[in-house]
Structures are given as structure tokens and as C-alpha cells.
């Protein structure tokens, strides 16, 4: 498990178009069921998606932001993932991108109960963010997975990623008069650290 | 009885006068209702006073009827006022202008 | 002549009756109205009719005044304070009141009831109940019909028919 | 009794007012309770509960209930036939009450 | 921010009849949050939960501390359930660092986790009682909870913030004689919570008050992504301890409690049933636990993770608790994200409260098994 | 179950509990008994020894002034500062020892875990409150004192309930 | 002692039962039932009641008029007469509402309230006790407050109801005050004993007695629409739903006259010198102001309201001369019956016009005669009858009224002036009635005929037959009136 | 320097005490003594031993303690004593205070707690006094836009109304403050005041939560008044009187609860609702509307409202006792004493022991009082018990309960009473 893990690490920084597909090269060792899930997506979307890793119970798909909506719809309708466990945003200042990771799970399909499908997408990052009014935008998945509603609000306020089509893009946790940078960006420094 | 009938009747007349004044001057529906209540009370007072001095039980009976009827009347009247308030957002009779006159 | 209790009661009653009509705030007006009603109940007690007095308090103060108070509270706050009204009309009203009071008062003082007192015992309240059920029993039935009709009508009036379309602008 | 109680209890308030601290320093302290927020809107608004009907009903049925006492306290002295009007009275009131309870029970119309 | 408001959640246009109430943050019935409630008479027409009053930026803080020193502050969001909230983090770090945990440590973790679940649930139940105006139901769980707190104190040395789980096992071995004391107190505890039935769960007034209020249908529960007792009360049999067993849960004998109704009553009953199940698990684990052995793998002083990301989840008192850790070969994690059950269940609140009576607000709100501090993180 | 029986059952349960034993701990008079002397850590095996995580106790003769406890605390509470001490130990040439601010300490015990020389233990003394902030800062000399705590109360479970005694 | 089969009790039993049960039926039907169901029940109840009254008349169970009893109610011919008039009005209202209430909510409550109000109106005429009269009076009034405001969406209905309520409450308060004084003076509330009490009144109490008469006149005058107390009337008649206006104009108003005849004319006959003049002056003022104001109106309902005020004046003539001429009070009662039918028919016609064409403005009535022929015919005939055009029944009653006035001239020097004023006013009223007819028949281009509501047609036909037939052959009804009218002797003087 | 209060100085403490003492003495001398004289002058003192008791004589007990007993006896027959002390305010307030203490202790026992423990050494018996002093010394905060006159007056009037209610309760034969002929109606009249006070105080605070609470309180009290009134009709039918003393006296053989259990149950439930006690404490439902109509009250205003509430509780419990449990009727607790013991006390050797109360009251009265208090405490216990056992119910459930079930049951009770009467079981000429 550990050796497999090391090789299947696909750090997001290295993910350039010319990069290899590590999941495809090591498919012999991969868990079959999870591989099947990844394959279904690849078969449907082909080059638009990249399978980042396939581990026991975890499959990660990287999609660019134009296709994330369609992929998510496919995942819900065809693969029976019905809710989002978590939505997390990760800031990559060196790539000038912000990654948004959806962890999707399923309640209805008993065979998928252990599975978490990780759907990652990236939005461009602005140096001087004006949350909501700059280029850091992504399509919202709320119409597909209803449960992302509050998570996307949180990502919006914590990282400044505006979700197009989200009906309620308001602050959630931060105070109403918060005027600083979105706090989970790497350039928002904690005082004294 | 240490009091005389005339005292009660005079108080009752004073209340009647106040009620008439209120009805003729005020244009707020609830205040007009107050005035009506005051007149009814004046009448009740009269009634019970006469009944006491006759003495006869009819006065008290009529007072009871009149109080009960006033309750029914107020229930209806306040419903009307609430309907009016819902419609006009106002309870001032002088501001109701849908009927001329 | 009247005694102190009577005088106090009449001052309370008449004063609060005037206050009920003249106080700027409708809430205070309602409270003053309660004062009037309570004062009348006090008169009833003076007149040895405790049943009517208690009925008056229980029904008038206990329920009618509550209903009035509640309705006043339903009305918007700025409307609780009345508009300044026509001065001429007010004076005319006061004039009418004075004429009425003086006229009626003189009529009454002129008449023969000026010095009626009684030493007979008061009517027992049980006689009222007996009256209700023997002599006045059709009136009692009609009373029930009145109450039935009024509660039916009041509920039908006060309920909302169609929530969406209710707020109709003038 | 009422008067005595008022006379006895009003000093408590006055004494309390006299000996208690009074600091006007913080205006927030005198704001109405709004769970730590600055109050929004009016405290006394046009606020109608869905149960207004019960108050209307109370006004009418309170009268009924106390009318019954005029009968109940004299029933021992009256002939049995005197109960008949009360039965009619109650019958009518029951019918009215049935209708009123039906109307007031429908919460969505109030 | 934006003016566009969603159809389902938007606060309606305020008209004459509607009063806006701030329930919270300083309100006996809100916890550390604010619920903006708009009421029409006695009925709630719209509700907007406003958490964030105890937001402490745990996720941001975690980016500045190494894998070990993250432990004490990551357990702060739910101090009553501090073992459970550390659990996925610890599991994730173990996977990142590639550590295999000793068998005895796994059992100790399970016991501590179940004890913590009961402690949390008792606290939750106490507040549920006081929200319903049942002061006895506040006092009894708050008192009986002491039994388990004492156990946890014996085990870890602290009453609430145990900081007991570390990557590679637990901090210390069980004290001597712990098994006997634990068994005795857990048995008594189980007897106590069974007595709650007469006064609380079978109380006709309580049933009348909470039954058929705030009904969350099975479809909605799945669609809204609710979790934990909320999900199980709506008829979805999904318990991570069964579905994705971590540590030694697959070797233990227990069952999950699923109710069909999806109303407040069912949501309040599932945690109670779960507590009895927890007692069973604890007894079972005490039986099967290796009597001796190592409980902690010795770590390097400042361990560094690989270039990887893991997502681990456990079943906490409030449902699935996921931890997403991104590591970038530094001693500090690059990003830690806690996906907590409270936050996921909060989304159901506006749906459940819409059209409810104001009197149902506390019961429905608290039956969501919501812990404001955890949701804020 | 009918409503009436339910109500009677609830009332009965309530009345029954009036007579049940209560295990309220009358705190200043009674104190709960804990395991051992306090939390300790054995660096050789890497496993702690169970005990209450109360106030620390510093063994001056073991402390080397290595600052590991202070570093461990850095990410947690920043409660430990290294201060000069007058008396010099053989192994502690720098003469610095931890001074703990209990206004900040969260009693996680990571400093104890970090100490490789058995110098820092935790004791079962938890009554640390003071009227001033300064009173909460424990110098190395104060930390060296072993507290005397009487803790004798234990939960007893009987048929009529649980009591402390 | 009241017999259980006496007319008022039977009417209470029938109408009260139906009136109370109707809302219950509506609960049982979840308030989804149609209007017609309840209307038919109410109609049947009213028909049964009127049948019972007629049966009592036919079988001569009815006591002679104005016989006062020891009880609160008396089953006499006077009451029976009014009962028939009121029940006819109630039937008109019910039938007229059949169409009007089609789309409205709560038909059951509507009809139930009509029935309750009818009980009140009938019982006012039957009661021989002031308390009973007051209670019946309130039973008559309170449902009509609700009914006037029944169209909750309609602001004018609500405004009408509110004004009506306030003045109605005032009138009842004043009546209670009057009752209290007369009770205090005579020591009883039974009218029979009141009469005795007044006839043996100490002269020093006379001012108070007059005060009570004045209060009674004011109190009843509010309902009757006499002139100083008429200000609410046009507004209410215009704003209230038209069938309810029928009930108000033709029903409660006449109940006011019944009460006035019972209390003022009969009860206080001992004081007649003092109130006849007052009534005479009020009569002239009422008819004059009513008719003059009616000319200026643009709205049909409002015009009819003022005309109704005018007619109250005519009726009051008979009351004013009642102690001196038996023809006066007979004329009054005759006119009351006639006016109930005429005005009822006119308002029902207006209601039909409102529901079908949604107009009440006079200018928009052009060509109505061709659009709604039967309704217009009925309206025209009733208007002509109201004006007192000879072959119709209105003529005879007015003739009796004016005749009574002339008849009383031997005792009252000013009585002929009443007759003169009445004739002049009738001529005046013919002017505006004629104007309406001209609008309806001689103006406007030909338009298509619209379908008229069947219920309105039924009322129209019935009332046309009534008016024309009794106009041509008035004998039976005059006999009936003579039988029903109380005899107050010319000889009774204080 | 003390550890407990660092700023504390003993000299200042003594100085402040002396200051207070001085002012107290001065004010008492200037105002208090004349006030006492005036009160004594207006209170009509009866004749003792053939001489009229004057204010001067009334004050002689200061000089001659042996005169105390006759003066006390004389004073006890005055109206002021009745109002202020025995059947009236003092007695009721004492019982109310006891109720508060019992409630706290009992609830604590039920909830496996200890309750008040330290204040007063013995099971926290002085806790109440401490709380009272605390409330007295707390700052009274009035919201900025409150309607001040109503807001100030409401607590006082609340206590006054509760006291007026207490005045109607007969404690022992002849011991009642206001012996009204229509006492039961007077009770209804007094009860009718509470909703008004509540809604007015709620309205005057100009805050949302009190307003909602006040409206709820209004609905609740109003809805339960009708079942309350109707449930007592059965008793009135069977006794034919409205006088509370007569009703109590009529139960010398058996209490009415034997024959009218339905009415008693209905009345008990309505008591709970009228008192706003759990499970019907909706007006103060803290988890929904903070503290309901009491939200804005602070300091002694809150204390007064609490006092009024518990006075009301006592009054309702006593009413229940009077109407359904036979009032003061009960078997003699101890055998009748010989006359000399009553007047002179027990001579035990050299010491003479007076039995407290005996010289002042007759033995029947004492017996009645004891029974009355026992019964009242029992009823109070059952009023307090639901607080520990039931959760709060919802306002719509409450209204349905009141309007559907309780009114129905009250009518059933009336018909039971009628049936008993007409079947000849009870009433004049009945079997019992």
C-alpha cells in the first residue's frame, strides 16, 4: 500500500499537459473497482479529464473549469454519487491558480458506500482579489449536488472563488464587514508567523 | 343606602354626554367604539341604580343582557375594524373615501 | 349627600371616560376605558349588585377590554397616535356635550327623583337567575342566538380569505 | 388588599431604585433585547398571531360561561323545567362553538 | 455581496405581517450562532442561519503548525468530542507518513472514541432537553455524563480536551484496573440512559411536540447531503463504522440504528439508541482488546509528509467527519480541511424550519445534531 | 401507549428520583481521586503513563535547558518561556529552565512528551486560579515544588444510584 | 303564559335551528358547498315560517292586536302582520342573494345570519317587554352589521358596515338608555305595565318621561332613517351588498317602525301630546330632505336610499297622527307592508343589475329597458308604486296616510299640513322616478338583451303581481291591516 | 489586605454601617413613629376590658410586655391585621416564599442535584432572602423606548392583583379578608386582570420577544379561562352558592373531588396554564423567545413579578383546596385541650410554657388552618411536580387542549353534577 501510494502521488503542481498519466501506467496494481469508476469517466470525457490517482476507495479526477459541470452531472447521473462530502479550496500561488476539490460520496448505491470520488478543478488566481468581481470564478455545482451550497459559500469567502450560478453567494462564517483578503489564501499571513 | 338615586343618575348623564361628545368629535373608529361603550355603561349604571331604588331585579337583568350584548357587538365591531385596517391600513373613518357622503 | 367613596368613584369614572377619548395614545385610551368600566363596576357594588359588578369586571374588563387592547396593538404604531383634529368640530362637540349635560341635568334635577332614597334590602342575585330562567327565558334564547351569530360573523369577517391577495391598496 | 399590596410593594421598587447602582454610561445597555444585535425594526409591530380567533371566541364564550353561573347558583331553588331554556341556550352555543372551533382550527387562514 | 438571492433560501420581502427575529447569538435557544427567523404570526416563513460567531480559523492555523502540534488546537471545535474530531486527522497523517498502528492502540482509540461520542451525545441531549423546556432532561444527562468524563480523565488525564490521539497510536496506555472500572461505569451508564425513556422519550407530551415536525424525507436527506443521526433518522442506513470501517470497527459486533420517520423525534431518538450501541461496542472492545502491547509508534521528532493528499473520514457524534490533508513535503501540512457533520447538516435547517411554528424552532434546530463551534471551526 | 399511562409513568419516574442517590461532588470539601500522580512520559518507549494532566512539575536536576518543551509549546499555546535560573546544574550549563504561564497553557502535555530527560512531569494539582495574571506564571522554582493534593472521593455505584464517597 | 305553539316561539324554533345548523352543515361539507344548497334550505325555512304565521291567522289562533300580556312575547295580530312583512322581505333577500352570492365565500354563514336577523325583526314586533325588545333588536342588528360588511374585498362594503355598525351601536346604546329611564319611572319592563305606570305617573317625573321618549325616538330613528339621524343610511345602503340593502331598507327599518309603534305609540300613549308634534315635524323634514337629496343622486342605490328616507317620512305621518285617527296607523302599517314589497323589489332589481351589468350609476342605465326587460319592468312598476301612482298599491296606502292626517285635523290643527307636504313630496319623487324611467326606456341605442338572473325574475314577477293586483283590488289587504292595527282610542288623553 | 476583596477596609465598612444606622434612626424617628401613630389612629381598635384601646394604649406594650397578648388579640380583630398579616398578604407571602424554596429543593432532588445548600447553613434555607436582597440591590434597567409609566406600574399591579386574589381565599371559618357574596365570580373577575397586565407590560417594553411572549400569555390565559370557569360550575350547581366560605363549609362530610373528579382534573390543568407553569410556560419559553414577557424586567421588578406569580400560585392552590378538597375541613388533629392550658399555658414545674397560637386562635381555627395548609402544600407539590417531568408544549397544542378537550371535559363535569342533582344523590333532599 505504501509503495503504491508513493508512486501514485500526483502532485497538482506537476500537472502540466505534457505530463504522464501515472494511474494508467500502474493499472495492474490498482484496485479494480475504483479503476472502473475512473475508466468510465475517462471513456466518457476522454482528454478533458485527468485521473490523478486511484487508491483504495479514493479516485481523483482533475477537470478544467469548463468541463466540471458536465463531468459532475455525469458523475451524479451515471455513477450514482449523490452528495458532496466536502468542498475544499486550496491556494497555489506559484501556479496562480486556486484549486477547488469536491469530495463526492454516495448514500444510495451500497457498492459505492466506501468510495469517495475526488473531483478537482482550478480557477485562475488574482493577485489583488476583489471577491466576486474578478476572474476567480468557477461554475457552481449546486444545481447538481445540492449539498455543496454552504461549502461553496465557505470557499467563496475563504478563498474568493466566485461560483457562477450559485444562488446565494453571501458571507457565511466571516463577519459582514470583513474587508481583508480572503483568509485561506497563502498570502494572508497570520500576524507574528 | 347612604347614596341617593340622583347622584347615580347624574353620573350616568355625565357619561352619556361624554359619549355623545366622543361620537360627534372623534373620527377614529376605535375611539368611537369607546364612546359607544361609555354610553352603554351609562345606561347600565342608570338601570342598576333604578333597579336598586325600586327595588326590582329587572334592572340588573337588563344590565346583564346589555353587557353581554355589548360583548357580542364589540366582537363584531372589532372584526370590522380589523378588516378595514387590512384594507386601508388605517382606522380613521374620515379617511375612508370610497363612499361619498 | 354622597359619601367619599362615591365621590372618588365618580371622579375616577368620569375622569377616565374623558381620558379614554382624549388621551393621545390609543393604548392609554384603552386603559382609561378600563378605568371607566371598573368605576362603573364600583358603582354597581355601591348599589348592592355584586353579581352585575363582577359580571361587568369579568366580561367588560376581562374580555372586552382585552379584545380592544389587542386590536389596538394590531394597529400600526403611528396610527395609535391620532391626527390633530378639527378645532371647530371639537368645540362644537364640547358645546353639544355641555348643552346635553346641562339640559339633561336640569331636567333630572327638576324632576321628582331628586330625593329618592331607599332603605329596602337589595335584590338577591339569585333573583336574577330566577328571572333569567322564568320570565326572560325567550330573551335568553335570543341572547344565545346573538352570541352565536356574532361569533360566527366575527370569525368570518376577521379571517383572511386569500392570503395572497389580501393587502389591497386603497 | 389590592391597595395594601400595591402600597407594600411600591416601596420595594423605590428602595431598589435608591440603593441600586445607576450608570448611564453605556447606551447599549438600555437597548431592547435583541440577542446581542442592534435592534432592527420596531418592537411593537402589527403582529397578528394565527390564534386571534380564540380571543374573539373568548369574548363571546366568556359571556356564555358566566351566564351559566346565573343559572347554576339558582338551580336548587328553581323547578326542573327551568333547565330547559338553558339546554336550548347551550345547544345554540355548542353549534356556534363547533363552527368557531372549526374556523379557528384552520391555522392557515388567520 | 451579491443581491441575487436563491429561491429557496431567500428571506422574503418583508411585508406588514412579518416580523424579523434575531434568534441568537445571545439567546437561550441558539447556541453560538444566529438564526434570522421571519415569522408570520406563529409560523416561520423564512429562516437564514448565520453561523460564524465562533470562527477561529482552525484550518488556517493548521497550515502553520507541524503535524504533532496541530493536535491540541484541532480538537478545540468540539471539546466534548475531541477524540473523534482528531480521529480523521490522525488517520490521515498516519497514511501520509505511512505508519502502522499497534493493535492495542486501535482498541484504545475505539473505546475512547465511543466514550467521547457518548459524552458529546449526553451534552447534546441535555441541551435538547432544555430547549424543549424539560429541565430534568438537562440535569440528568449533564450529571450522568460525569461517569464517562471520569473514565476519559482516567484514560487521558484531561476532562474534555484530551489530546489523546497522536499519529501512531495514543499518548499513553490505559491505567491499571481501567477495564473493570470502565465496565462497571458503562453498565451503570447504560442503565441510567434507559431510564430516560419514561421521562423523556416515552413522554406523551414530548412525542406530541416533536413528532411530525420538521420532517426530512429520505430523498431530501440524501439530496442535502446530511449525515449522521439526521441521515439515519430519515431512513438511510449509512454509518461509516459499518460502511467504511476504520481501525478495528470491522471486528466489533454492533449494529446501526435507522428510523424511518425523519421527524424531530426520530432525529432525537437515534443518538440515544446510538449511545446504547456505544456501550455495547465498548464492552465488546474491552473483551477483544489485547491485554498488553505497544500503544504508540515512536515517531521522528518533526515528521514530514509526502507530496500527497488524503481524505479520511470517521463517524463522529454528529455524523461523518472528514479530513482532507494536502501535504507538500514540509513538516507542516499544506492544507487541512475539516468537513464536519454539523456544517453539512446546517443546510437542512432552512428547509426544515420553513412553515414550521415558532415553537418548533428549538427542537428542530437542535435535533439536527448541530454543534455551532464545530461548524464554524 | 396511551397518553394517560405515559403521563403517569413520567410522573412516577419523577417522584421515584426524588429518593434516588445523587452523586454531586461537593467540590471544595471533596475532591475526586485520580489515577497516579500525574501524566508522565517515558521517552525510551515513547509511551506516556496515565495520570491527570494538571500543573507541571519540573525536576531541576534532570533539566538540561534544551528548550524542547518550549519548542513543542510554540505551536500550541506558547506558554513556556525559558528563563535564567540562579542555581546551576551540572547538565544545564546555560542555566535556563522552563517557566510556564498557566494563563496560556492548555494542558495538552506535549511538552512532557517532548522532554527526553524525564525532567518535566505533570501532577494532579489543578487548583491554579489566582487573582492576578502574574500569579499564573510559575517560575522554575515554583514548578519544582511537588504539590500536596488530597483526593479521596470516588464514584461508588450501588443499587440506589451512584454516589461520591 | 306562553304556549309552546305560539307563533314567535315557533319562528324562533324554525329559523333559529336552521340558522344555527347552516354553518355546521358548511363544516360538514368542508366549506366547499355551493351557494344554492344553503339558499334553498334558508328559503324553505322562511316559507315554512310564513306558512305557519298565515296558518295561525287562518285558524284564528292569533290574539287581537296590541293585547299586552304578562310575558315577554305576545302572539297577536300586530306581530303577525309585521312577521308576514318581514318574512316576505327575508324571502326576497334570500332569493335575491341566490344570484348575488354565487361567487362569494361562506354562503352558509350568510344565509344563517339572514335567518338570525329575521328572527330578530320578527321578534321585535312580537315582544311586549322592553328587555325582550332590546334583545330582539340587537339580534336584528348584529347580524346585519356583519352582512353589510360581508364583501370583504370591497372597500365600500366595509366602510358601509363600519359606519352602520357605529351608528347602530349608538342607536342601541341610546335605546338602552331610554329603556333604563322608562324602567326607572314605571318600575317594570313589561310594556303593559309601562302603560299603566305612565298613566299614573307623578307629574314631577314628566320631564324624564319625555326624555325617555326622546331617546326612544332617537334610538329607533337611527334605524328608521329619520332625518337628524339619517347620515349613515345612504352610505350604508350604497356600500352594502344589494340584497342586504334590501334587508336593511325593507326589513330592519320596518322593524324600527314596529318597535316605535309598540313603545312610543302604544306604550307611551299617555304622553301623546308631547310626541305627536315632534313626530310630525320629523316626518315633514324626513320626507322633504329625503326626496330633495334623492333628486341630486347619480347612483341608483343611493337614490333609492334617499327615497327610502323619504318614505320613512310618509310612514311617520301615520304615527304622528295615530292617537287621533285610527286611519293614520292603519295607513302607516299598510304603507309599511307596501313599502317593504316595493323597496324590496326595487333593490333586488338593482342587485340584479349590479350582478349582471356591474353598474349602478344612473348614466350607465341607458337602454336598460331593452337589455333587461323584466327586471326593468319590475323596477319601473315598483318605482311607480313608490311614487304612489293610482292603480298600484302605493297609491292606496298613501291615500290612507294622507286621509288619516286629514282625519286627525279635528284634534290637531297642524295635521293637514302633513298631508299637503306628503302630496307635494310624492309629486317631487315622481320627478326623479320618471327620470330613471326615461333613462331606461327612452335613451340609449338598442343593445342586446342580456340574460337576467332567474331568481331576480322570480322576485320581480311576484312583486309585480303583488303591486298591481293589490293596487287594483286592495280590499283584502286593507281588511287585514285593519284587523292587525292596534286600536288606540281617540279618547285616551293624559 | 484580604485575599477575597483586596479593596476592603474594615473602618470604612463600620463607617458605612454607622451612617446607615443613623439615617435609619433619624428617618424612623421623624416619619416612622408618626406613621405608626397615624395607622393606629385610623385602625379601629376594639374595646378590651371595657376600655377603648387608644393608640397610646396600643403603644404601652413597649413599657409593659405583659400587655402584649391582649393588644395582639385586639389587633388581630382589625381589618389591617387581616389584610396585612394572617389570612392576607403576610400569610400568603410566607407560603409563597416557602413554595419557592420547596420548589428549588424538590426540583433539585428530582434532578439529582443538591439545590440551595450553603446559604443559611441548613440546606440553604436563607437562599431566598439572599436572592431577595440581591434583586433589591440590582440595577433596574429600563429599555430606551419603553413606555415608562406602564412599565413601572406593571409589576406592582401584578402583585396587587395577585394579592386581591389572595384576599378572596377563606383560610379558616371566618378568616377571610373579603367575604364576598359572589366570591367565585370575584375570582373570575380578578383572574381577568392578569392577561391585561401581562400584555400591557409586554407591550410597554418595546421589544420583540416580550411582545410575542405577552401575546402568547394573553392567548393562553384567555383560552384557559373558559374551561376554568366552566369546570367550577359543577361545584356551584351542587352547593347553590357562590360564596367561597360556604362552599368550603359545605364539604364537611366529603370533598367535591369525590363526585366531580373530572372537574377537578380540568381545574388543575387550567391552574397550571393560568400560572404559566411547565408544561404550559409558553409565555416564558426561553428557548424560543428568551424569557417571554419578562425579558426586559430587571432587578426588583423581576422580583416583584416573581412574588406575584407565587402569590398567584398559592391562591390557585388554595382555591383548589377550597373548592374540591374541602377547605379547612378535617378531623381534629389533637384532642381538645382543657381550657386552662389554652389560656394559661402548660405549667411544667417552675416554667409556664405557652403554646404558640393557642391563646390567639381557637382550637378549631388552628385545626382548620393546619388542615388547610397541609392540603395547600399538597396541591402545590402537584403543581410543582410537572416542572421536573414534562417538557413545554407548543402554543397551538395548548390552545387545542384548552378549547377542545378541556371545555368538553368541563361540560361533561357539568352534566355529571346535573345528573347527581337530578338523580337525587346530592343536593337538598338528596341521599347524601
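Chains here go by letter, A, B, C, D, E, F, G and H, matching the order in which they are written, and residues are numbered from 1 within each.
One rule holds for everything that comes next: a residue touches a chain if its C-beta (ideal position, glycine included) is under 8 Å from a C-beta of that chain, and two chains touch if they have at least 3 such contacts.
Owing to the predicted nature of the structure, the values given are computational and were not obtained by experimental measurement.
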Task = Pick the chain whose C-alpha centre of mass, unweighted, sits closest to the average of all protein C-alpha coordinates shown.
result = D
Task = If we define chain centres by averaging CA atoms, which chain lands farthest from chain G? Would you check?
result = F
Request  = Look at the interfaces E-H and D-G and say which one is made up of more C-beta pairs in contact.
outcome  = E-H
Note = Averaging C-alpha coordinates per chain, one finds the centres of chain A and chain C separated by a number of Å equal to 73
Remark   = CA centroids of chain B and chain D: separation to the nearest Å works out as 22
Centre distance in Å when chain A and chain B are each reduced to the mean of their C-alpha atoms = 75
Query = Can you give the whole-Å distance between the Cα centres of chain C and chain H?
reply = 32
Remark   = Touching at least 2 other chains, the residues of chain D are 34-35, 41-42, 44-51, 55-63, 66-67, 70, 73-74, 77, 83, 92, 95-97, 99, 104, 107, 110
Note = Shared-interface residues of chain E (touching two or more other chains) are 16, 19, 23, 27, 42, 64, 136, 143, 199, 203, 205
Query = Which residue numbers or ranges of chain B touch two or more of the other chains?
reply = 9, 16, 19, 33, 35, 44, 49, 51, 53-54, 56, 58, 61, 64-65, 67-69, 71-76, 78-81, 83, 87-89
Query = Which part of chain H faces chain E closely enough to touch in the complex?
reply = 107, 110-113, 208-209, 212, 278-279, 281-282, 285-290, 387-397
Ask   = Which bits of chain D are touching chain B when the two form their complex?
value = 56, 59-60, 62-63, 67, 70
Key: chain C contact footprint on chain D (complex, rising order)   = 42, 44-48, 52-53, 55-64, 66-67, 70-71, 73-74, 77-78, 82-83, 85-86, 88-90, 92-93, 95-97, 99-100, 103-104, 108-110
Ask   = In the complex of these two chains, what residues of chain E are touching chain D?
value = 16-17, 19-20, 22-27, 30, 34, 41-43
Ask   = Taking the complex as given, what residues does chain G use to touch chain D?
value = 16, 20-21, 23-24, 26-27, 109
